[in-house]
Amino acid sequence: MSDNAKADGGTSDDTYTASVVGGTGFTGGELLRLLAGHPNFEVVQATSRSNVNKTVGRTHPNLRDLDLRFSDPDDLESVDVLFAATPHGVSMEAIDEFFEAADTVVDLSADFRLPDAAGYDEWYDGHVSPEYLDRAEYALPELNGENLPGAELIAGGGCNATATILGLKPLVDEGVLGPETGEVVVDVKVGSSEGGAGGGAASSHPERSGVVRPYAPTGHRHEAEIEAYLGLSVSFTVHAVDMVRGASATCHVFPEEPVSKRDLWGAYRGAYAEEPFMRIVSGGGGVYRYPEPKAVAGTNYGEVGFELDPGNRRIVVFSAIDNMMKGSAGQAVHATNLALGLPETAGLEFGGLHPVGSP
Amino acid sequence: MSDNAKADGGTSDDTYTASVVGGTGFTGGELLRLLAGHPNFEVVQATSRSNVNKTVGRTHPNLRDLDLRFSDPDDLESVDVLFAATPHGVSMEAIDEFFEAADTVVDLSADFRLPDAAGYDEWYDGHVSPEYLDRAEYALPELNGENLPGAELIAGGGCNATATILGLKPLVDEGVLGPETGEVVVDVKVGSSEGGAGGGAASSHPERSGVVRPYAPTGHRHEAEIEAYLGLSVSFTVHAVDMVRGASATCHVFPEEPVSKRDLWGAYRGAYAEEPFMRIVSGGGGVYRYPEPKAVAGTNYGEVGFELDPGNRRIVVFSAIDNMMKGSAGQAVHATNLALGLPETAGLEFGGLHPVGSP
Amino acid sequence: MSDNAKADGGTSDDTYTASVVGGTGFTGGELLRLLAGHPNFEVVQATSRSNVNKTVGRTHPNLRDLDLRFSDPDDLESVDVLFAATPHGVSMEAIDEFFEAADTVVDLSADFRLPDAAGYDEWYDGHVSPEYLDRAEYALPELNGENLPGAELIAGGGCNATATILGLKPLVDEGVLGPETGEVVVDVKVGSSEGGAGGGAASSHPERSGVVRPYAPTGHRHEAEIEAYLGLSVSFTVHAVDMVRGASATCHVFPEEPVSKRDLWGAYRGAYAEEPFMRIVSGGGGVYRYPEPKAVAGTNYGEVGFELDPGNRRIVVFSAIDNMMKGSAGQAVHATNLALGLPETAGLEFGGLHPVGSP
Amino acid sequence: MSDNAKADGGTSDDTYTASVVGGTGFTGGELLRLLAGHPNFEVVQATSRSNVNKTVGRTHPNLRDLDLRFSDPDDLESVDVLFAATPHGVSMEAIDEFFEAADTVVDLSADFRLPDAAGYDEWYDGHVSPEYLDRAEYALPELNGENLPGAELIAGGGCNATATILGLKPLVDEGVLGPETGEVVVDVKVGSSEGGAGGGAASSHPERSGVVRPYAPTGHRHEAEIEAYLGLSVSFTVHAVDMVRGASATCHVFPEEPVSKRDLWGAYRGAYAEEPFMRIVSGGGGVYRYPEPKAVAGTNYGEVGFELDPGNRRIVVFSAIDNMMKGSAGQAVHATNLALGLPETAGLEFGGLHPVGSP
Amino acid sequence: MTNDTDALIAEDPITGEEIELPADVEVGEIIDSPVTGAELEVISLDPVVLEEAPELEEDWGE
Amino acid sequence: MTNDTDALIAEDPITGEEIELPADVEVGEIIDSPVTGAELEVISLDPVVLEEAPELEEDWGE
């Protein structure tokens, strides 16, 4: 493997080999698309149990030009970086094999997101490889960027958690919001790709079209990540709406002290002005005045914005991402760029479309 | 005009003549559809300034069999009941003319919704006919049914306000929720028909498709109605989502005392078990476990449901209606049935479709 | 069972008991909805293998008020009319049992649509009960209404075939179109409910949204019905588009002799002026100038219209129906009304919505 | 200006200045997006009459990072290449001014598409600058690539015409299809962005959602281009369907001599195997078996495929493009690359997304 | 409708209300409450005892 | 990408073109053609013979 380059917006000549476990899935497909277009990666393997020896383009029509066929996840090739885009529970079982095959493992599931085993006991069904939890770094660069260089086990954030954390972090940093603040309501709206490729009856087109469907009224597991990384518990409710890509979090915050618009602009500019993938969209004219998922669909961008409710001292924060990009595959590649010392935005430059329907 | 019949689920032989002012609009079209199919109404006039002498079916293709042409709103015919489905401000100007033409006036705009002129000064641009405010009855039968019999001026509720009031009223009635309770967050998702037929650039199909768009982040005028009729102020935010019909309110409530599921069932059953158009949908199996707008699209039904968040003592209340029906035209006809002593559900029996996309 | 009433637009006091086999399916749900609202039917049974003893409303949220639970299809109750809404092949196996349980059998599948066994050998996998084919009447009233009174076995038409036959029949009747005419191209666009409740990977919301997908490029089995009942073979191609309900057929016809608009109006008025569910929509102003499925969604109406291409003597015929109504369940109830001598439109009066999205 | 580089898949260091007239429009926005991301272009001006001095990102949210404001079209700056994305009729009036400002003019409207003035008399309202028609080259590279190098006036093709020409050209080249072949039916389905940013009542979200709407039953002007460039007249019908981007043409062809699948593969491989933006998608497994617009949404790719109907010797050809890309802005940039001798695919590499809704 | 004469009477475990079940339900069967729609497990038949069934998370995905 | 050194060479039954298959395909396996995308059945391995597999109607529904 080649030397690490500095992450300074320049370019790098390094090339890393990569494999994607779970290549027929939705986020696996996104990883393949991003890595195939990335100047510093060469994809050598994509696995599937159900489509061994079938072309990648048969499943992902946008990758028809990729000369690659799926192989069995039991026959992992030796690579620099292994990306796992498998359902919860798979990576924690296979993590030793993954590290036998690769120097760096990037996992998109929840398996290494929480800081310790207690979290898995409380929110999931426990953890079978808790010894890896200390080695894992949470992938979200805007939150954990300083710890990513050199990371060997990267744990991609949950998409709804990512939207929420990006929206609230500037308020936490500024002390507007803290564990004592009072109720923080986070009302999330998500697209159908969040459910992955293997949807059931509720995901069929006739049943899933046109919905505003409460699908996680309370008790959503992403609360655990938000609490772990922002240090506050939120009242969290998730609705399915009629789009394919996108997660939009509306956070209702009641600060103890009144804040001004200028305070808010200061907090958000302070947090994100230097971040290459963050945009503050908050008021103004035209059709697109606040964050909305279709404005970032297909991209690694996150939009955040806010509004003040003078009457009752509420801050409403809006945050919008593409769940398949900033909310998973894009975030993973972004974090890997930082881990390997590659230019931060490499392979992630696509800026989205206008007009666009429900991408 | 004929005698009033009793509202006892039976039938009535009375026939009332009716006119619809604003007949080319979305709620005007719904009124025409409902009245044309209503056993006790005969539609004698539908007005439009822009489509005088054009057939009603040219604008509303579902009414092609209706043998009626639009006429000028300046030439109002004498009828029993005049329905006005015009933008805010029109009815308060024309209210004297309306009462010259009709015994009963049913207005779908905000013009007579608030109890007094002060509300119009605070939330709107004042009122030009404040003397009528005392005579007006708020149309929502589940809230104000006892005052509707004999009402001569009926003020249809706002669609988002209706969804919210239906969701929260049982909690207010039971004392779970009151002015001192603490923050109540109401996060609303609405379809594009809420904007009426005359949409601008943001309502065009390319711009409006696939959105989760914050369109009233704070300061929505429906807050005024909710405060007036529930006695509590709410933190209100409205998002446009990709459907045509439907308003869905998610209310996040933090009661001072913990409540149980059984308490909630008791409160909602107590409030709505006898209401012909209310359904409690709260958990269970299958695809449709909580209220969602497409389950009531095209109907006068409202669905409400709830879930408990034991960790932080939050009640999440879901409420779903069709903004054009329970949220305006259906509510208006329902209230008129009660005002005139007609069978409560007359003309409103349609129960909706399954499967259905984004109606 | 009660006497037959005359089908003269009046009302009837007769009540028939009915059962629906395949009650969890999409067309089974529509049958239950229509029969529950039909003045002359009482639904006594709905079957399901997968949801025995579950309420009907759990599957079909619009039927939550119906006090009925699914029962096993092996325990058929004795009824006047049995409706079967099962996949192809089920009814031909069970037809003897069906007639043991009921006097009249209405089948929505393809099992009794074709006139003879040879058709099943050519287009399907043969027929196991060919002796019933002679007893069966094709359900489409506009085509076969004269043979429906007294029919004991009614075979519902295919939805795409229905759209096509309704569009072309007036031209065949007038002799504009016949076996020698030359190529007739029928280009169909359908919604996702046509695939039934048990869709596979291609029917999931993420994959099925936003498509214009050729799903039956050639060789669609509905060609067999069209040929059998119109006496001409057509070049047939079906595309899936993003709606839930609806089938729209565009028929491109090249008459041997030039025809005029007046000829066409004559042909279509002649065929359909007296038909209660047919509308001719052909030019004119406003937004809705030609047939389109959303204008008839949820209804038993069919819209047909046409345009002339003077340059090359082409007639373009448009035909739009709701596949779940005029294309199956509505057509079946309509035919049953005629078979039993009930008022033709009983239970089928719903006229649709405006505005409406993708119902 | 710099020297021309060879179009050999390599890179070029040349930089050309560019302006976009009609920069607030849909195709204007796409041009700005493509040129801003193009290694060989520098956008110096975008015009608008309605948004002078407003930022480009206010209209096109995906271009928020672009540091550019709209200027008045009367103040054209001197550039190497001027792109005009204005309604029909604007460029033919302004063409002299355009050439005063730029060496190369690329027009996306119909103003210079047809070979001679007679076509404009027949299909449009005549032409005011017919002297330019001989100088113009039709932009579609797969059709007219050999004449593009050095072209100074480039006329972008119509989107529906482009889809049709791409689908049928291989058959014409092989002699399967010619002026004598008999009827060729082209049934097109398009998204709402085809109507441009200034849509009317029929384009509003409530009216336009969920449609299959015949919007050009006969007499569509794109027939003129098809006839001019393929040498055959087609029976052309266009339907609006519920997507934002995309044009899909289904062509029904009746060859005089029977053809085989192998013949067809030969014809299409012969025509497109070397074309960087063309894919043949024709049968096979998985969900995406034939061309469909969402598989190419956002990209400059075109998909074509075919199926045979042995019974009646019909070839069904499917062709799918993004109307805003291959159908206009992408095609224009592609042609400009060829005109200037730049690498053919420069700035057009985006390959699309999966899963994707209705982009 | 369903043969009400044969129906079993039970107490809804969530609301405490009296509800009717089909006569042929079996122990272990999951049935939806006519009042709340909740999935209830039949714990015993004589007397009829019902318990809320655990929700099937998988149906809903994420 | 795939180990081209190990790849098998076969004739595409639809186009007649030469195509590459993974080295580990087995007789009876269904594999998609890199040229046409068609589902091909591996009939024999030495020499490699491919045949068009019948289309799976069910995938597409109606």
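Quick notes on this one:
By letter and in written order, the chains are A, B, C, D, E and F; residue numbering begins at 1 in each of them.
The rule is simple: a contact is a pair of C-beta atoms (placed from the backbone, for glycine too) under 8 Å apart; a residue touches a chain by one contact, two chains touch by 3 or more.
Since this is a predicted model, take the numbers as computed values, not measurements.
Counting only chains that touch, the fewest steps needed to get from subunit D to subunit F is 1.
On a Cα centroid basis, the chain most remote from subunit A in this structure is C. Of all residue numbers used at the contact between subunit B and subunit D, over half are used by both chains, marking a mostly same-residue interface.
Ranking all chains by how far their C-alpha centres lie from the centre of subunit B, first place goes to F. For D-F, the equivalent interface among the listed pairs A-F, C-E or B-E is B-E, as over half of the contact pairs agree by residue number. Inter-chain centre distance (subunit C to subunit D, centres taken as mean C-alpha positions): 39 Å. Centres computed as Cα averages put subunit A at a distance of 46 Å from subunit C. Work out the mean CA point of subunit A and of subunit D, and you get 35 Å between them.
In subunit B, the positions touching at least two other chains are 26, 191-193, 197, 201, 206, 209-210, 243-244, 281, 284-287, 289, 297, 355-359. Taken residue by residue, subunit F touches two or more other chains at 32, 37, 59, whereas all remaining positions touch fewer. Note for the complex: subunit C touches subunit A at residues 26, 191-193, 197, 199, 201, 203-206, 208-210, 244, 357-358. Of all the residues in subunit F, the ones that touch subunit A in their complex are 1-2, 21-22, 24-25, 29, 31-32, 34, 37.
The part of subunit C that touches subunit E in the complex is made up of residues 43-44, 53-55, 57-58, 67-69. Subunit E meets subunit B in the complex at residues 14-17, 30, 32-33, 35-39, 55-56, 59.
On the subunit D side of its complex with subunit F, the touching residues are 261-262, 265-266, 269, 280-287, 289.
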